[in-house]
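Both complexes shown next keep subunit A, but they swap its partner, so subunit B is in the first and subunit C is in the second.
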Partner chain A sequence: MSATTSSPAAPSFLRRALKQKRFSVGGGVTLLVVLFAIFAPFFAPYGENETTGPPYSPIGVLGTDYLGQDVLSRVMYGGWGVLVISVLATIVGMVLGIAIGVVAAYGGGWWDEVIMRLNDVLLAFPQILLALVVLTALQNPAPWVIIVLVGTSHAPRVARVARGVALGIVSRDFVVAAEALGEKRSRVILAEVLPNMTGPLLAEAGLRLTYSIGIVAALGFLGFAADPGAANWGQMINENRLGLATQPWAVLAPVIMIAIFTIATNLMADGLAQLAQRGE
Partner chain B sequence: MTTTSPDAPNGTPMATGSGGLVIEDLGVTLTGRPVDVVDDIDLVLRPGEVVGLVGESGSGKTTVGTSLLGYSRAGALISSGRVLLEDRDVLTLPWKEVRKLRGEEIAYVPQDPASALNPSIRIGKQLVELQELRGIGTAESRLEGARAGLAEVGLPNDDEFLKRYAHQLSGGQVQRVALAMAFLPKPKVLVLDEPTTGLDVTTQKMVLDTMAELCRTYRVSALYVTHDLAVVANIADRVAVMYAGQIAELGPKDTIFANPAHPYTRALLDSIPHLSQARALSGIPGRTPAPGARPDGCRFNDRCAFVVDRCRQEVPALRTVAPDHEVRCIRVEEIGTWDINRGTVPDADPDKARDVIMSVEGLDVFYGRKRVVHGVSFDLAKGEVVALVGESGSGKTTISRSVGGLHKEWTGTIRFEGRELAKSARSRSVEDRRRIQYIFQNPYLSLNPRLTIEQIIKRPMELFGIAKGKQATDRVVELMEHVALGSGMLHYQASRLSGGERQRVAIARALAAEPDVMICDEITSALDVSVQGSIVALLEGLRQQRGISMLFVTHNLALVRSIAARVEILQAGHVVESGSVVTVMDTPREDYTRTLLSNSPRID
Partner chain C sequence: MSQVATLPDPLEEVAPPRGRHGGAAWAVWLLRRIGLALLTLWLVSVLVYVATVALGDPVRAILGRDYNSNPGRVAQLEAQLNADQGLVARYFDWLGGLLTGDPGTSLANQQPVWGQISANVLNTLVLVLLAAAVMIPLAFGIAMISAHYRRRRPDTVIQTILLGLAGVPEFVIGILLVALFSTTVFHVLPAVTLVSPTGHPWDQPAGMVLPVATLVLAVTPYVSRIVRATLLEVLDSDYVELARLKGIPEPVVMRKHALLNAIVPGIQVIALQLAWLAGGVVLVETLFAYPGIGRQLVDSVRNHDVPMVQALSMIIAAVYIAVNLVADILSILLTPRARTAISQ
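Entry: the complex of A and B
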């Protein structure tokens, strides 16, 4: 029996997402971490680079780091940079990747082949390697360089997903109908194809955000932060790793923050993915 | 009614005890909410008898079908009643016995057999495995059993065939393999769920004949679930018409078709086209109410042409009006008799003067290197409907897509008002694109689910500069009224509409461009017959009022008789016969046309 379609208005995607435990827990924790990263600097007991005692001493709530700076204050300051850079990098990666994937799927034939094979070449490199190739050549990279590099390294991965989703949509009759009416190609993509991809793409964005945080933190750990003096969760792990035995909190605190943040964004992405899979 | 004494009036012995199946007071509800999906179903399947269960989508007919196997889909629950097979109640048996009983004693043939066969196991192996599972025969005899089973359904049974996979068979073959599998364990009852939907008439006829013959030979009772009354007319002994979860009318086939008593049955019959004569088809207004939204009193009261106040208050019971003929209507005696020729109109005049607006000459269409349409020529006059008819693979949709500019790998000439048309829609002029509109087969795919009805219908107007802003909105409302959609749906998203409503939106979108030619690609085949009737009535009105010409692609010859003036019969990419509908259908010259006609299910 085919179900009758007299159901009341389908609740919006967001409302259905909020009903899902996975998404609401993940989203809630993410929101808390974001709020912490934004507002914590105002409540920090000490300044970002203020020395409060000898290195690796237990003074203060979480002790001091390798330069004798207060770890708690550093953690409170250090989220902002990671957060902004990873969110912007994710946006860059999504926009680039979606553009590549949808154009490949919509163009079809040779376009599809050429674009996706080039894409496969890029996919063969580990993400962080692409970023490192450029970063090692630069002294003190500007934040936008990191954003662009991390974003670009996401693009091929996003493109694969976007193409897969778009392939199922471009062959549907409403797209053909728009073609037959002679709509501009750009409008067909923007008005007919893209709006039907939001579910899976949101899920992908959540996942990419998780990776962005990981990569940005990893770059920080390797010493490629925008501002070497500023607090940065990834960099803090690197700076303080020698004192791990005497003052573990200087390393553990940023690690825990990164872990909470990535797990939360990942949960959120998972929830969205499940919802998108269940169908609109 | 009570079915506790199922002594059939025509002398057939009691159904239980000698095979057959008795369904008593069956009810299925939704889990969680106390809402009936189906209720009060009483039905007897006598041995060797085929009972047709007919209804629109949403009437609960599949729910009844699977209940016979003690199965209900997720979210539903068989809440009451008994299904008696030889005095055992299928619904109360322990699950282990039910498992054994399913397939062995009550078999089920699904709507889409391609998904019921395992794609990675060869046909022969599947048939042998089935026998192993059911403990039929010995290791040596099973292969022979498989061969015999295939022979019974008229399929080849050589080694080559047994070695094939499901994807190497045609749709009809797959369906017959499914039938063979259902019949192998020699079941007593067979439930068939729309097994021929989506098959060509010739294949359909073959499957139906095979099924009917097997049922009669092995005295198997069959419940044939379908929405197609014409199919039922050809195979069923008795017919049960379902509406909104109840049986509305039940009786022998001849009674149901000659003397339908329920207004719903009559409305269904009125919406079916005849092969022998053109009809002014009518649909049934409104839609089948969903469980939980069914009206008080008689459930059909909001769509019934004979409704009186009493129908809204009184809940009608199934009453016996003639031997073996039961009807759920309180006004049976008052609404007179029904005539099959009601709604008959003269056939389109074959000698009418024609003013050709579009002509197709020597059309060859290719998919890559493969040529699928060979030198097809025909023309279309102003205000005329030309039907392209053929089985699947005959190239009818391919031709229509080429004419519409959706497929561009073709050669030959298509002239529109004497001018040659470019190959693809994009390379045609804006004016040509506007004047030729294409309507798709599946309204579930042809409307963007993210846009509102207003946005969908308005778009062609904006694109072709016909109207914009407030003026365009007014025209959208006007068009929606024209296609019998309330303006309340203006801001609905397409996903909230039923299939018929969606197709109306698609027609309104085509009309918004103010076209001269509409290409209708099987636009009613995904819809219920009642909806098909109203869509056809709508198209006929448009043709007469606006003088729109239509290229109507279909596989349904009966429908052609009612809607078209001329017909092109296609076979494997060639036109085998063409001419006026009356000439071709009354005096077909070609064998192929005759076969098509004789295989088409008919009620007249």
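Entry: the complex of A and C
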């Protein structure tokens, strides 16, 4: 039964989603920002670290930053790093979280109790704190360290949601039937349980992407970015903060980009969540 | 809506009644819940210790390029961190110090950790409580206005604005406020908190406005959206319809029937957000140079000051766990169906 309802539901889910205003507006703007982050570096008027004038001067469209680099060019270069790290961190967090949550729900009993208690331990850390604690003992973190840290901080929150959704599915007839047929546990999870969780999990992924962008930008803002020389929206805010009074665009341009990006992904996630709720 | 789905159900935590009644069942539930909180706190301490000491090399991180050229300093720092002992022995040594109120000595300035933290704990507490005092009535007020105009234009506008705000990171909101009120557009409020070494940040109330406003704007959307969702659920229910049919005026229906039922989900989301604030202050305090534990944590992480980071993150995690514990107990006390489920 699951196979017949879930496979034709996939295209219609997208079509239903596009009819919804929040999803289409949020998704459209997200797409625009993503395209900007990917392609803008090719059109940037100056290089990433090219000096075009004195610091905090009004030369160029958005002026120059604390080192005299062109702000517009830096904004055009600075999205790529934030985008890639946020998306990968979201994927890491979703995969880890879904694995934990589904195993807890499907295992039940002691498994469930122990896994969810350990999950509560990770939940006791505000997300940014988990990253900061680990960064204490590291020097110049590599990008993959930041991806793993942000992903790990998502995992317990995703696990909670995934477990809740999976609990409603593992007791349904088709799962029991698959078990009765002697299917392997891993196959039951992959072929029967997971495909029926896509709606709520997509919504959760959208929400996690929003938070990923926020945390990655925040780490840059706090001065813990992977590459101090590279343009990065979060880091640009930190670098140019002292010039906020004289050359506000050096700070406001990256701030506005982050705000637009997070608002758009959040709208998209909310649209998906409403659809998932209605679909049930 | 997704935030609504992630709210924990207080009933889920309720142990099934097993032959005990009334007060005894209560005490068992309460002890179990407190025991779980303590267990969580202990596991948190293990995690903090391992993450700060064992995942990387703090001595190498502190000294940077000097690591290879300055063996004397390496030996000195390793002695201070007791690097020659085993990890387990060092952990219990640290845990014992923490429990007896002596979390060690700062690596950055050789002063005792607790002496540097205590004043900042108070500053952060005041900041968070002020934010909560503004946020709670504001969030409930917006939710009631929104629910009053449910599914009409004002409601849609309010909900879209709240949804937009909910996604924006708190430091982005803070910088926009600074640009608006202290540097670029108006020049009415100070952009940083200036404190004399002996004073408190609230000696200059104007300096508190922007940090508090940033926290309020970051948290209100979540609380308000969940309270509104609960209000709508109640307003559409049969017993509220009956109250209306009996001729009870709409404002009374809203206050007496709807609002009272929104309190329990309200408490839970407020607790979640207060706990979030314990971490959210990290960015806001750094942005406004507010002398609290959040900014101190960021500075300590930058200095790789391991004992300071350990103590500060334990404080933040303990606050998080305590707030959740209190919220769980309150929601059980205020939910009749959960109360009877325990004490039957």
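As a convention for this text, the second predicted complex is superposed on the first by the 268 of 280 C-alpha atoms of A that agree within 3 Å, B and C clash if a C-alpha of one lies under 4 Å from a C-alpha of the other, contacts with A are read in each partner's own complex, and residues count from 1 in each chain.
In this section, a contact is a pair of C-beta atoms (placed from the backbone, for glycine too) under 8 Å apart; a residue touches a chain by one contact, two chains touch by 3 or more.
What you are looking at is a predicted structure, and each value in this text was computed from that prediction instead of being measured.
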{"item": "Which superposed partner A:L181 touches (first subunit B, second subunit C, both, neither)", "value": "first"}
{"item": "First, second, both or neither for A:P45, with subunit B first and subunit C second", "value": "neither"}
{"item": "Partner chain(s) touched by A:P228 [first = subunit B, second = subunit C, both, neither]", "value": "neither"}
{"item": "Partner chain in contact with A:T136 - subunit B first, subunit C second, else both or neither", "value": "second"}
{"item": "Which superposed partner A:G164 touches (first subunit B, second subunit C, both, neither)", "value": "second"}
{"item": "Subunit B versus subunit C as contact partner of A:E192, first or second or both or neither", "value": "first"}
{"item": "When both partners are placed on the shared chain, which of subunit B and subunit C touches more of subunit A", "value": "C"}
{"item": "Footprint of subunit A on subunit B - complex, ascending", "value": "57-63, 287-290, 293, 404-406, 425-426, 428, 430, 433, 438, 440-442, 445-451, 459-460, 463, 492-493, 495-499, 509, 513"}
{"item": "Subunit A - residues contacting subunit C, complex", "value": "22, 117-118, 120-122, 124-130, 132-139, 157, 160-161, 164, 200, 203-204, 207, 210, 213-215, 217-218, 221-224, 237, 241, 244-245, 248, 251-252, 255, 258-259, 262-263, 265-267, 269-270, 273-274, 277"}
{"item": "Parts of subunit C lying in touch with subunit A, wherever the complex brings them together", "value": "1-2, 5-6, 8, 36, 39-41, 43-44, 47-48, 51-53, 55-58, 60-61, 64, 163-164, 166-169, 171-172, 175-176, 178-179, 183-184, 191, 275-276, 278-280, 282-283, 286, 297-298, 300-302, 304-306, 309, 313, 316-317, 320-321"}
{"item": "Residues of subunit A touching subunit B in the complex", "value": "1-7, 9-10, 172-174, 176-177, 179-183, 191-192, 195-196, 280"}
